[in-house]
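Shared chain: chain A. Partners: chain B in the first complex, chain C in the second.
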Partner chain A sequence: MEIDAELLSPREINSQVKAAACEYDKIIIKNPNAKHYLIAGVTEDVEIELDGSVGYFAGSMCDKPKIKINGNAGWFVGDNITDGEIIVEGSGGDGAGQGIYGGTVIVKESVGSRTGEIMKNGTIIIGGNSGFMTGIFMMGGRIIILGDVGDDVAESIIRGVIYVKGEIKSLGYNAKLEELTFEDTLELEETLTKYGMDVDDYSEFKKIVPESTRPFYGH
Partner chain B sequence: MCGIAGIVYKDKKLHDIGNDMTNMLHQLQHRGPDSAGYSIYGGTGLEENEYILKIQVKENEKLLKKVKDTINFLTPIKNDAILPSVGDSFIYKCKISLNDFSELKPLITKVDLIDDVIVINGSHDFEMIKDVGSVLEIADRYDVRTVKGTHAIGHTRFSTESGVDRYHAHPFQTYIVRDISVVHNGQITNYWKIRDPLERKGHVFETFNDTECLVHYIADKLDTGYSLEEALEQSVEDMDGPFSYIIGTPNGIGIAKDKLGLRPGVMAETDDIFAIASEEVSLREVVDTHHVEQISPGEVMVYEM
Partner chain C sequence: MPYRVERNPELCKKNFGRPGCCWYLCDDRDEKICGRCFSCFNNCPHGVYEIIQGDPYPLNQEKCVGCRICLEMCPNRAIEVNAIPEDARQGWGFPDIVEIVRQAQTASYKLRSTGALRKIPDFDDLVVIPAQVSRPPIDKYREPCGTDVVLGDRFAENPIKIDTPIMIGAMSFGALSKEAKMALAIGSSLAGTVTNTGEGGMLPEERELADKLIAQYASGRFGVSADYLKKGDAIEIKIGQGAKSGMGGHLLGEKVTAEVSRIRNIPEGSDALSPARHMDIVGPEDLSMKISQLREITDWKVPIMVKFASGKVASDVKIAAKGGADIIVVDGMQGGTGAGPEVIMEHSGVPSIASIVEADMALKEIGLRDQVSLVAAGGVRSGADLAKAIALGADAVYIATAALISIGCRVCQMCYTGTCRKGIATQDLSLRHRLDYKEMGKNVANYINTMTDEACMLVQQAGNTHITKLEKENLRSLSLEASALTGVPMAGVGRI
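Entry: the complex of A and B
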């Protein structure tokens, strides 16, 4: 099933995708042209491939679909998904995986700031670098960064874990480094190998966790 | 929310940059429906001492004569034209010569004193086109797609403060340093803290718009020996609030983004073009690449020819 998005509005594209998702196993979207809000709110177990870049909030509020974006994504890719998988072959903007409750958001290249902001569960994998305040207000789940991470990583984190293979510029409030365990390296290897993003030495990862689970109301 | 865009052709030759910028801004129309504008550099073809004035004049034959008389008293008008516009005013465009750039602002001040007359722009190396309405309406109204140049900046405005009219559309320019203009997405929250020392140094502010403050700030830095990159870096330190803005100069363009990264900015570059915009959808109009770089919080990028 193929949809040419060239002359369609985001609303028209999403309507067609939702209708097609009930009938087909795979949908290919041609010419997404970095439009905003594409594939928002799809709840079918369907494979969706976008042949190009997407704009803001791609895949927002989805549950179950497997989305592959053969280009870049703008701000807030995968915002608030509850299940499913989003793979961005290129780079991402700010807020990748913002607020996710479950599922997996993968950006193969670098992303902007505030990756995984207020995420509750699920997994975010960044193949390149992640910017300022990655994991801010994180409440669960895990973020895996293969490159470097910017200032104030895990700012005001409550729960969850962030793994960083590259350099950490600085930790945010309530964030601390914890020793990587053997189990962590096995988990990282299993997760990254699944997406063809395996690395040579898993022991190079640094692990960031909350200092306290009640940082604002007393320990 | 506003949309900003900038493009530089690296070969320094004239290109259909009015068309390019129109396409880039059209893709950012959703970020700002109120007004739109351009600064298109490198294609004016003026002699070293020549300047173009664009003046908003209320529909009134006597008023136009008064404008012409005021200018002719100071320096002869070399040629002129009337550009049809919307509302009850038109744009009077004329070419003049001055002995020195420092004479431009006093001349503009004299013209501005005439009731129902506003000088929109006075420049040597760039053409400023701005108005209320959509990008495509403005492009058609002023035949922007035919304007050639080496580089340009542009803007779609969603006004959050100050009026929605032609004068408050972006770009804004300064008369402290020749041919510096700015387009801006965001708010400068320590506006008065920035404006006050500049006014003490003699900068004349025409509006209460924070974008005007930005262009005065950068012009002041350039005037005191900063490079464009240094001036933009210093602005990131000195300005509070959410912002990303693009400066245009006769030599190129540069973007600065606030330290918290609260306003967007992306860049794409090829062997031929350097382009920046609020969103990738705009870059795709001029750059055929999937390699798009996010501009980080507090980051500055400059391309000068």
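Entry: the complex of A and C
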């Protein structure tokens, strides 16, 4: 099943995708042209491949679909997904994987700031660097960053874990470094290998966790 | 306002020896202990009573807020609670002194529930002027008064169509018990209107019992998914609420029971953070994008609402309207909450009557008044308030605290403790069973229907045939303050 998005509005594209998702196992979208809100709220178990870059909120609130973006993604790719998988072959904007409850968001290159903000569960993998306040208000899940991370990483985190292979510019409020365990390295290897992003030395990862589970009241 | 609490020891001890004597259902009915009632001591939310040599005494009178739960729950009518006048020391009244001492001893600001309680200009400062010869009144007993309204038909395929312009505002499951949410859902359905999930996700029972249900989308995004949004009859983006504008929140894990955890989609017993602002809405363009995003998820079927705490009303309303909102809610500073700092409640925000007028004018200025529905919230209690809100420019109103009062709340202002004696703002099973949600659901409907009827009387005596026909020219102000805030002429000479 193939949809040419060249002359279609996001509303028309999403409408066609949702209808097709009930009938087909795989949908290919040609010429997405960095339009916003593409593949918003799809809840079918379907493979969707976008042949180009997408705008803001791509794959927002999806549950189950496997989405592959053969280009870059704008802000908030994979926002609030509850299950499924989104792979961005290029780079991503701010807020990648914002508020996810489950599933996996993978950006092969670098992303902007505030990756994984308010996420409750699920996994975010960034192949390159991630900007400032990565993991702000994180309430669960894990973020894996193969490159460097900016200032105030894990600001106000209360649950979850962030692994960083490169440099950490600074930690945010309530974030602390914890020693990487052997089990952590096994988990990282298993996860990254699955997406063809394996690295030479897993012991180079730094692990960031909350200092306190209750940093604001009664700690 | 200080209160005097008195317990009559003779009345207190009459009629013991019979089981189940309490007006309320006993939590732990046991005839052997019936003689040792202590209902006042056990049910006072504020610790006014202490037990001395086996008898309860209202020793800590300075803690009383006048909720009268002790009085209501006393099986022998042995208690009296009466407001006593403020003393004559102006700003240095006894309550002020008590609060200063409390702050000095605890080093903490005052946290409480409800909203602004001090006297600020409100609907009571306005009157609806009756029609006489220049325009004849409509006969309430023989002629109909229309009350149905359609909200959010700007872009949504399925706007909200309700029988009365009274809607139930957002109060989350978690803050409220399941029974309270079910009572509100039943009441809204019986009254032909709509209720609201609040920001705590959607209870399956609530969805089943409510004919129409608004799914709220707040900064913490708890319980939010495509499925959640698609189950709503409208989506409300909560930017802020009148009682605690610009405040984030931290829900303690103790309140995240197994059921709350399932609905909010977070682990049981875990804390939850609500940022003070949506992380992805920090400017006008962001709000417009958010509205579009939610439309795409819900296939353009349901109205997208935007709710603001009343602050820079005109600017916020214009941004939301230009950004594509179908419905805008302005929540005045009398709006309520389950928990918030008193200093924010009493000293931040704009009175509801002023925010309605400002919002209405803002929509007119940008030529979108006919397209965007306006909902007023904050301190609406009666049919008179409803009529005046509509005359000031609203298309409908939210009630919330008032709806809770209709199911038993006595405004004790301690919702945040989770120990609500009425089974409303608690997750404690032993307290929740006190709330008969089916009966209380009927109460909610009775209250809404009566409010609607009251409003109709004012509409008809003003010479109109439909509730939406009331206009600002039908109002007069009884106070200079209300006149200045709303532009409503003073009664009599009619000057502003």
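What to note about this one:
Here is the rule we go by: the second predicted complex is superposed on the first by the 219 of 219 C-alpha atoms of A that agree within 3 Å, B and C clash if a C-alpha of one lies under 4 Å from a C-alpha of the other, contacts with A are read in each partner's own complex, and residues count from 1 in each chain.
By our rule, a contact is a pair of C-beta atoms (placed from the backbone, for glycine too) under 8 Å apart; a residue touches a chain by one contact, two chains touch by 3 or more.
None of these values were measured; they are calculated from a predicted model.
Contact with neither chain B nor chain C is seen for A:G116 once the two complexes are overlaid on the shared chain. Considering which of chain B and chain C touches more of chain A, the answer is C.
Once the two complexes are overlaid on the shared chain, A:W75 sits against chain B and chain C alike. Shared interface residues of chain A, touching chain B in one complex and chain C in the other, are 36, 56, 75, 114.
On chain C, the positions that touch chain A within their shared complex are 219-221, 224-227, 229-230, 250, 252-253, 265-267, 270-273, 275, 279-280, 289, 292-293, 295-300.
Within the complex formed with chain C, the residues of chain A that make contact are 10-11, 14-15, 18, 36-37, 40-43, 56-57, 60-63, 75-76, 79-80, 82, 95, 98-99, 101, 114, 117-118, 120, 136-137, 139-140, 156, 158-159, 213-214, 216-218. By the touch criterion stated above, chain A contacts chain B in their complex at residues 33-36, 52-53, 55-56, 71-72, 74-75, 90-94, 110-114, 131-132, 150. Those residues of chain B whose C-beta lies close enough to touch chain A in the complex are 30, 260-261, 264, 266, 279-281, 284, 290-294, 296-297.
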